[in-house]
Amino acid sequence: MTPRLFSLLKDAALTAFVAAALGLFIVGFRTVDVGSTKGLAFDYELVDLAVAVVAIFVGRLGLSFASDGQRWPALVLGAVLGAVGAAPVRLPSTFLHWFVGLAGLLVIGRSLWPSAERAFGQARQSPQGRKLGVVGARWLAWVLLAAAVILPITPLADQKTMDLGVLILTYVMLGWGLNIVVGLAGLLDLGYVAFYAVGAYSYALLSTQWGLGFWAVLPLAGAFAATFGLVLGFPVLRLRGDYLAIVTLGFGEIIRLVLINWVDLTNGPAGIGGIPGPTLFGAVFAENAPPGQKTFAEMMGVPFDGTQRLIFLYYIILGLALITNLFALRLRRLPVGRAWEALREDEIACRALGINPTNTKLTAFAIGAMLAGFAGSFFAAKQRFVSPESFVFIESAIILAIVVLGGMGSQIGVVLAAVLLIGLPEWFRELGTYRMLAFGLAMVLIMIFRPRGLIAHRAPSLRLHEKPSGGGG
Amino acid sequence: MTADQALIDVEHLTMRFGGLVAIDDVSFKAQPRQITAIIGPNGAGKTTVFNCITGFYKPTIGRLTLRGDREYLLERMLGHEIGQQARVARTFQNIRLFPGMTVLENLMVAQHNKLMRASGMSVFGLLGLNRYRVAEAAAVEKARGWLERIDLVVDADRPAGELPYGAQRRLEIARAMCTEPCLLCLDEPAAGLNPRESAELNELLVSIRDRDGIGVLLIEHDMSVVMRISDHVVVLDYGRKIAEGVPDDVRRDPAVIHAYLGTGEEGADA
Amino acid sequence: MAYFSQQLINAITLGAVYGLIAIGYTMVYGIIGMINFAHGEIFMIGAFISLIGFIICGLLGIGSAPVAILLVLLMAMAFTAVYGWAVERVAYRPLRGSFRLAPLISAIGMSISLQNYVQLTQGARPKPGGQIVSGGYNLFSADGFDVRVTWLQIIIVVVTVVLMAGFTWVISRTPLGRQQRACEQDMKMAALLGVNVDRTISLTFVMGATLAAVAGMLFLMYYGVIDFFIGFLAGIKAFTAAVLGGIGSLPGAMLGGLLIGLIEVFWAGYFSSEYKDVAVFGILVLVLIFRPTGLLGKPEIEKV
């Protein structure tokens, strides 16, 4: 045995040992209730743990081989893991099949990565590759937009798809809004969902108490949320980045706790129901209109169909999201947008150039809050019910994960990340339980391997020279 | 020239950090259309003087009067107001560009306040009004002018962080100049430059003085730069001013020779 | 008076637990200047390992409470320490020198992952811990109200005081403590002088996790019920304690923990228990705005 091999084995053994120590109690002894009197008992999962630890040992060894440039041993180990994962032999649980199989895929992927990367790099350097890259970057957004616009009139548009579409677009809009704050201005806001809540409750209260309609409340909700953003932001935006993150988290929790406890106003944890949906030129989307109003079906002279309402909601959120996008893209090319990016890069230099850091951050914070307010009132109108449960910290974390994964500052990246993070778990229901685990791990991995996000490219906000075309340099 | 016409008047400036006295009762003046150099050994308090003038530190004692379009008492102003209203621009010892933004964008950010007004706090800009477009085009032209002067036109659309070191130094000066300052403070602009770049820098600084008519305040280690281009030299040592005058006088001043060469009595004699 | 005394006793007990967690935040912040957002989850995992440990003790027939507590304490400290080490190794070490917000985002990701990992493996329902120590001592009676300190409260305060004294000794007197302080001052210089920076940082995380494990066990014994979500609130409160005391300062963390315990208990006792968490968050915001260096922290001079 060569010393090199010995050190790889030692490293893998150490990793497996740490994994065993980590998992011994939390994974190995599953506590279960056994009636109220006896307290807790164990489901022993030590065999599962042992299988997982062995897989980790083999996987780590394979990864070490791969990063060592020894492709064949790595491929063999990966194939073994993959085969065990896919094999019909009975591992103690389906989860373990997945675990072992994915570990195998990881090892295989890692061992093929260098050649894949080289091939990819060469393809990008070739003239056709460059042209494709330029055309792709220019057209991807338009293709996605066209697909989003025509989706409801395709046969795909059943209840489930439209629901999902509305959900994804809501997160796209929130992601674009937060992108202004985090991606452009570099302010880590962990309480973004608070402004979403302000928007949602604004519409919920104004519509149920005063009978105001969706379109009248929408701008008001944005204004309220922006005001909240200004009031909360003013004292805290001087703080260092990480303190700001914690304070915004604190604000988010305060708003949620107030929503729970101020029962007179918000009806507390029970929430507010019976919120009217948005109308189209005064027509409601329901089977029967309330007195004095018409339904959409009556107005158009078509038979009533439940998906009409969903399609309408879909176009509203698509419109809102697009407005958000245009707004953000425009702002980025304006002095204020460049000042945001400059602040993100170096606040001290900004001060030396006479830029007021607090005001500049405040505009980003308030604009982000306003967009969340719009999205919030849409959410209330869609759900027809709001309660504090919808505005927990984890929602903020999901929106942040979308922005981080997409590449802070990248608009198209947010769309891809939203589809990935919101769409995939909804399509594959069984993944749902592992969704948040995967979110968290994705955030860690992205920070380590691609800190600029999936889409890392930054286009200048303006140019002096014409953009170089496909071939030239 | 009488004292009243001085561009900046530093009087009894004192800065303490806890028990440490970084600057002790320093007074000097810098005239408009002149290059004033502040020199001194490491730790003499030069950068601290700059940080007081540009509002990064609040002086413990002292008065800093700037005579630009009107009189400003800098010690009473917040950090960014000094750049915005009194129009004092500065560069940093360890370059502070916006590395991820392009060269051109760096120069556009420097014109932020002017452009903000033209864009009607972004409202006109969002609506795409002509008034803003004209202002933006003018700002780009100004930036192009500076890029020509520092020979970076071809690199305008590259990220500033990718430029070689010497180019970054020049760009930082151009960026400060794009704020249309009346006083330009440069913190060791020649540090790390090779002799050719250093000579180019001298030319640039002289042209800023003569062509743009801007007063320059300069911290420098490189004595050849100081002696060749400065009109007035202030020497600091251990936070005190030990000499002041035209370069040739300062060079012969025994206190200066002692501070630079002598570590003890023998050193001063030798 | 009696009510006040009783509240005071309860507040000190709670404050001791917060103080133990706060030390982990403060030590990590002191050495690498980041908020270890996952520290609350480390505390939660400590509580779960303790819970499992107590059940194992029951199965093994260890009837004596002091023996069981000691065994579980050591076990929880050891195994939670591995989590502290692993989190640093996996999620933070690769990010040294990355952009400013990267470690914090990674920490948030780690926090979410750990929470869901425990939820998946141990279930989402609250877990009753049973009563390990019961009984107490009546101090005095007044206004028809018994002022009582339970044995458990005494254990909590004694364990906390002993551990804090021990750790203060480690930081101020041992080579490890000296290396930690050297890294705090200037990591590059410390490395040049032969300090193993990676190891020192790892040990800091391990120490923080060990104390969090103790806090987890005490929390479990005191409240008798835990779930996968306890780390979030306790973490933020302990972080508030660290900030209030002056982040980076060890005595500050203890003082801050005590104050947060007092604020929470007295707010709940005299004003409203619904808004007690709002009070703590409010304190966090106010301290950061008006005195970001906290009560015992050193002011930071901005380097230009």
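Letters A, B and C mark the chains as written, and numbering starts fresh at 1 in each.
Operating definition for what follows: a residue touches a chain if its C-beta (ideal position, glycine included) is under 8 Å from a C-beta of that chain, and two chains touch if they have at least 3 such contacts.
Since we're looking at a predicted model, the values are computed, not measured.
Asks: Just the chain pair, please, that has the highest number of C-beta contacts.
Replies: Ranked by contacting C-beta pairs, first place goes to A-C.
Asks: Which chain, with its centre taken as the mean C-alpha position, is closest to the global C-alpha centre?
Replies: A
Asks: Greatest Cα-centroid separation from chain B: which chain?
Replies: Result for max centroid distance from chain B is chain C.
Asks: Calculate how many whole Å lie between the centre of chain A and the centre of chain B, each centre taken as the average of the chain's C-alpha atoms.
Replies: From the centre of chain A to the centre of chain B is 44 Å.
Asks: In angstrom, rounded to a whole number, how far apart do the mean CA points of chain A and chain C lie?
Replies: Computed from C-alpha means, the inter-chain centre distance equals 30 Å.
Asks: Centre to centre, by mean C-alpha position, how many angstrom separate chain B and chain C?
Replies: 48
Asks: Check each residue of chain C and list the ones that touch at least two other chains.
Replies: Chain C, residues with two or more chain partners: 302, 304.
Asks: Of all residues in chain B, which are in touch with two or more distinct other chains?
Replies: Those would be 56, 92.
Asks: Which chain A residues sit where two or more other chains touch them?
Replies: 348
Asks: Across the complex, what residues on chain C touch chain A?
Replies: Touching chain A from chain C are residues 34-35, 45, 48-49, 51-53, 55-56, 59, 79, 82-83, 85-86, 90-91, 94-95, 98-106, 108-118, 120-123, 125, 127-128, 130, 232, 236, 239, 243, 272, 274-275, 277-278, 281-282, 284-285, 288-289, 292, 302, 304.
Asks: Note which residues of chain A are touching chain B in the complex, please.
Replies: Chain A reaches chain B through residues 327, 330-331, 334-336, 338-339, 341-342, 345-346, 348-357, 363, 458, 460-465.
Asks: Hey, which residues of chain A end up touching chain C in the complex?
Replies: Result: residues 18, 21-22, 24-27, 29-33, 39-42, 186, 188, 190, 235-236, 239-243, 245-247, 249-251, 253-254, 257-258, 260-261, 348, 393-394, 397, 400-401, 404, 433-434, 436-437, 439-444, 447-448, 451 of chain A touch chain C.
Asks: Name, in rising order, each residue of chain B that touches chain A in their complex.
Replies: The contact residues of chain B facing chain A are 54-56, 79-85, 87, 89-90, 92, 96-102, 104-105, 108-113, 115-116, 119, 121-122, 125-126, 132, 136, 140, 143-144, 147, 153, 156-157, 175-176, 179.
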